[in-house]
């Protein structure tokens, strides 16, 4: 099978690097173009990229010459790890020029005609793509913390009806990019604030779990209250959740519902799909980011400590890999789903 | 003024060491006896104590010979940092023998006739001491995380009526004593479980804020749901709170109420009392344990990010020094209050 | 090919767990027996083992019942991760009973008739096994920090003659086992002392690089001065080296010598052997434990910053994975070499 | 006594902030002017300074309006924490205009007519000030790591003659300023490279310990080989040292020599001078940065583990507070010495 040539936008950044790693030897996509800021353009990837991954730069990309966002691109599919300061107009421009933009940037997530997708949850929202006025398209995945929250709320909401959620996050430093969080700010410390993060958690999940009515998404009606913290952890966002349901729901009900959850990526056996999108652990002190973040190659959401809540119904702890399932891996899975479901031409 | 001779029970442990530091040069109390486990007894404090404080062992204690809990003690007042495995019976035994035991151990906190005291909040509960069947007495302070929670809820509950609270804690390693948390478990990690901690948060605050009716404490009627995490921070417990009130309450109301809160320790100008028990910060990203934990010599509760909650009424972040105001400092302030209010003989 | 049944001694400890992980799906060895302390014996491995690895317990070992060191064992080959408090007599006893003990414990390393082996360096020392008075045998690998030092000194000493070495180590917490280093001792700290470690570095390398004369090993004549520190790193020992040679040697000479070094494990294509035992990096700020420790599956020694020394001849920074190449992986490679070279029966 | 008005150059940076803290309530100096980069100029200190100290901004400085380096200054004495990119010409310019510049910047340290001072060690070098062609003057203190090295070598060199030194440093993140080291680079990691640091250690100590001959400093003749590492420690540089002497010297000789060392700051009872510049510890595992860095208010050098070296004569571990005695505190002590010795007008 011939691979689809793709480009990475924002290739030198943290998310761009993760795209490079995860697309290395991908069975369907092949990175042919790298796009970054003007100061990197015209130079070899290995010489302009401050590589921060644990494995070496993929062989094929090392001496690839970086292009700017102004340059015309040959690739039909563009994976965007662009910074939000430029992603807005750049992605629109690419979509107008006929590219399928699969973006991790926040800019277009809440646009009415842009699907905000978790393929296990709302692949029907891909239908919004037909309403976009572009020769190409823009597809987005959610904020990293929202990804794990929405993944867990989806099966629960559909089966039991979620009414309200309190979530407190403890987020890894890799979520802030590079150089990102200064070591003087986080070593032995907790920073109880991450810009814009709480707003994303409080709005994006409702769109993802919303209903695609008359060509428009009606947000799910539950309320989310988020409190976001940065902690000295390298990879892996941990979140404590308390959920109030529309009916009486026990911890066992929640556990059963999450354990058996599955979706189109699993049915379609997409290359990056984990066997199960959610792993439930019975260990009393898990999930833990340093120990569990690589379960399912970083593509699962791990849930533990499911127990009664004295105020709401059930509380639990969830964890996911913020730069894999929470960012680059999510976008790649979106592209795989689009390909399998006919939204991308092979 | 002549100082009251006191003993430290569990003197070699983490809380015991903090008692030693905080009682050094205390204007009212003077450490005359040190009590520890049988394997330490009969030896000099400096030779059996694995000292983990940042300042040296107080001069006067270095060569003091350690006694066992079996030995008769001369001191009228005993500060107890005993491990919960022995504190239950040992403290009762001391109280029977006529000592005033001021304990940080959890064992007697929920006993109906034992006051669980934060002097700013419920010094009227000291009246329970008269109901104790001992020649001496037992007074307790709360669990460290509960201390800051109850301190903040107290003025809010009295003014507005608290109905429900969600709290997620991010707790420092020093709270687990020494050797306590293994470095392999916490370096770059979050452990979403601390044994018994959630239960304490969910019950102790209600007793502290309870009403001393007919010689008995009626717990405050609000519900607390706690989720407790250990994070790689040395000192300082950070907690995210969402509070539902019995009436409409704005973030400004909360902020005003907390800023102006004061109590008997401030009025009585107790030696260890901070100017204000609560410090409210307007900085967008505070409080932070590594930066704010020593405010007010570690005796204040710092509150920040007071803002509306989309699910409850108001959410906020609170912080306190777990081994000072949350443990040894709390016990010492209790003793100072007892002395000032006539529950200890000078 | 039929696999050789093996046992893991000290199976519940940190090194024992690493043996379990590294022997999972090994092409030549199959774990059939697990041995641990009396309090674990008779119970299933998964219920007595505080598992601290990032992947789950190998399926085949989960419900395997743990034996004590008193029990007779069926396996011909025993991988020992026993604690040094018991390894001495236990390993001797096993060897007497006919087992081939491949040990990571320190106890027998300096015994005159026990080979202390790095197969790339001194596989000729296996000949000592014939001088052992046992029906079985004892083979040891070096201390973790020594492993990387000796690996780097070996080709240099043979080509140029090493006269003196200064080495300062910065060692990971996983080297101390579990619970090992208390978090209160190491979070944001450096502990400039590791018990017995400096002595091992100063003596073991000389034995490994020694000459097997008349049935006896004459230690290499160079002097090593070691200063060992514990740092808040999870895996990976970093060491700074300054080397004085018997002749004029440039950084380029050193670099060339290390880059081209290879040995019997590479020639014999042993299953756990890396392509090259030493990887030399030209990056100005590498090796770094968090980034480079998994190079070559944790079986290589990474060397960087090779540069002139104003006092000696050449200085450099070296790094290796302390629990893989520095412990369990080293023992397994020793066993593979013994098998390939006729010291173990297939 | 009337205080001398002083300015802080580079007031918003890490060293500038430390000047602000250490000069608060100083008995001899009073901060009247704050100087920073053009983008901060004209605004209040509290609004442009990203304050990273553990105590609040000194009251008197909060609303002080920041000036640029172009503005004429009224203060006779200028404490410079300027970045090295601007310190060179700016400090010269200030000196020409008649100011006494007391600088922590590296730019002029090695200038032949600029004294590089540790007052305990080489206060006779102040005589160089008379050779400067300025209406004012420039005085420098050493690099932070060099400070502790030179402090320890000074008494040893004078008594025994130092011939060669190997030093490996493990340096705190605060030494890199703010934002400085990215958390993704240092959390759970060691970075074995700090730009220009090894060169400073290898040259500055020789100048400090040099002899002021015919108006020129003849560097001390010993060789230093340095290997510098960044470690995840907040404050405090730890260094391992091996020293070769011109004569036979035992660890006891070294210990006695260091314990009894004292200098002009102690004799003159300068306000910032510690009782003893060097504290020797006998504890087997000290000094440790997290525990010992605040000894003597961060103004002492702590030395431990003095023991024989199998390659050189004696090895040891030294520690000092990099931003106090290693930077701002060093400059302030220099100014105090100048005042006491007649190099500054009261």
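Should a chain be cited, it is by its letter among A, B, C and D, assigned in written order, with residues numbered from 1 in that chain.
In this text, contacts are C-beta pairs under 8 Å (C-beta built on N, C-alpha and C of every residue); 3 or more make two chains touch, one makes a residue touch a chain.
None of the values given here were measured: they were computed from a predicted structure.
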item: Pair with more cross-chain C-beta pairs in contact, given C-D and A-D; value: C-D
item: Candidate from B-D, A-D or A-C with the same interface as B-C, over half of contact pairs in common; value: A-D
item: Same vs different contact residues, subunit A with subunit B, by half of numbers used; value: same
item: Remotest chain, subunit D as reference, centres from CA atoms; value: A
item: Interchain centroid distance [CA atoms averaged], subunit C/subunit D, Å; value: 42
item: Rounded Å distance, subunit A centre to subunit D centre (Cα mean); value: 47
item: For subunit D, residues contacting two or more additional chains; value: 52, 187-188, 232, 234, 290-291
item: Complex interface listing, subunit B residues touching subunit C; value: 52, 173-174, 178-188, 232, 234
item: Contact footprint of subunit C on subunit D as seen in their complex; value: 164-166, 168, 170, 187-193, 202, 223-225, 227, 229, 231-234, 238, 240, 242, 284-291, 304-305, 309-312, 315, 317
item: Subunit B residues within the subunit D interface of the complex; value: 52, 54, 187-188, 234, 290-291, 294
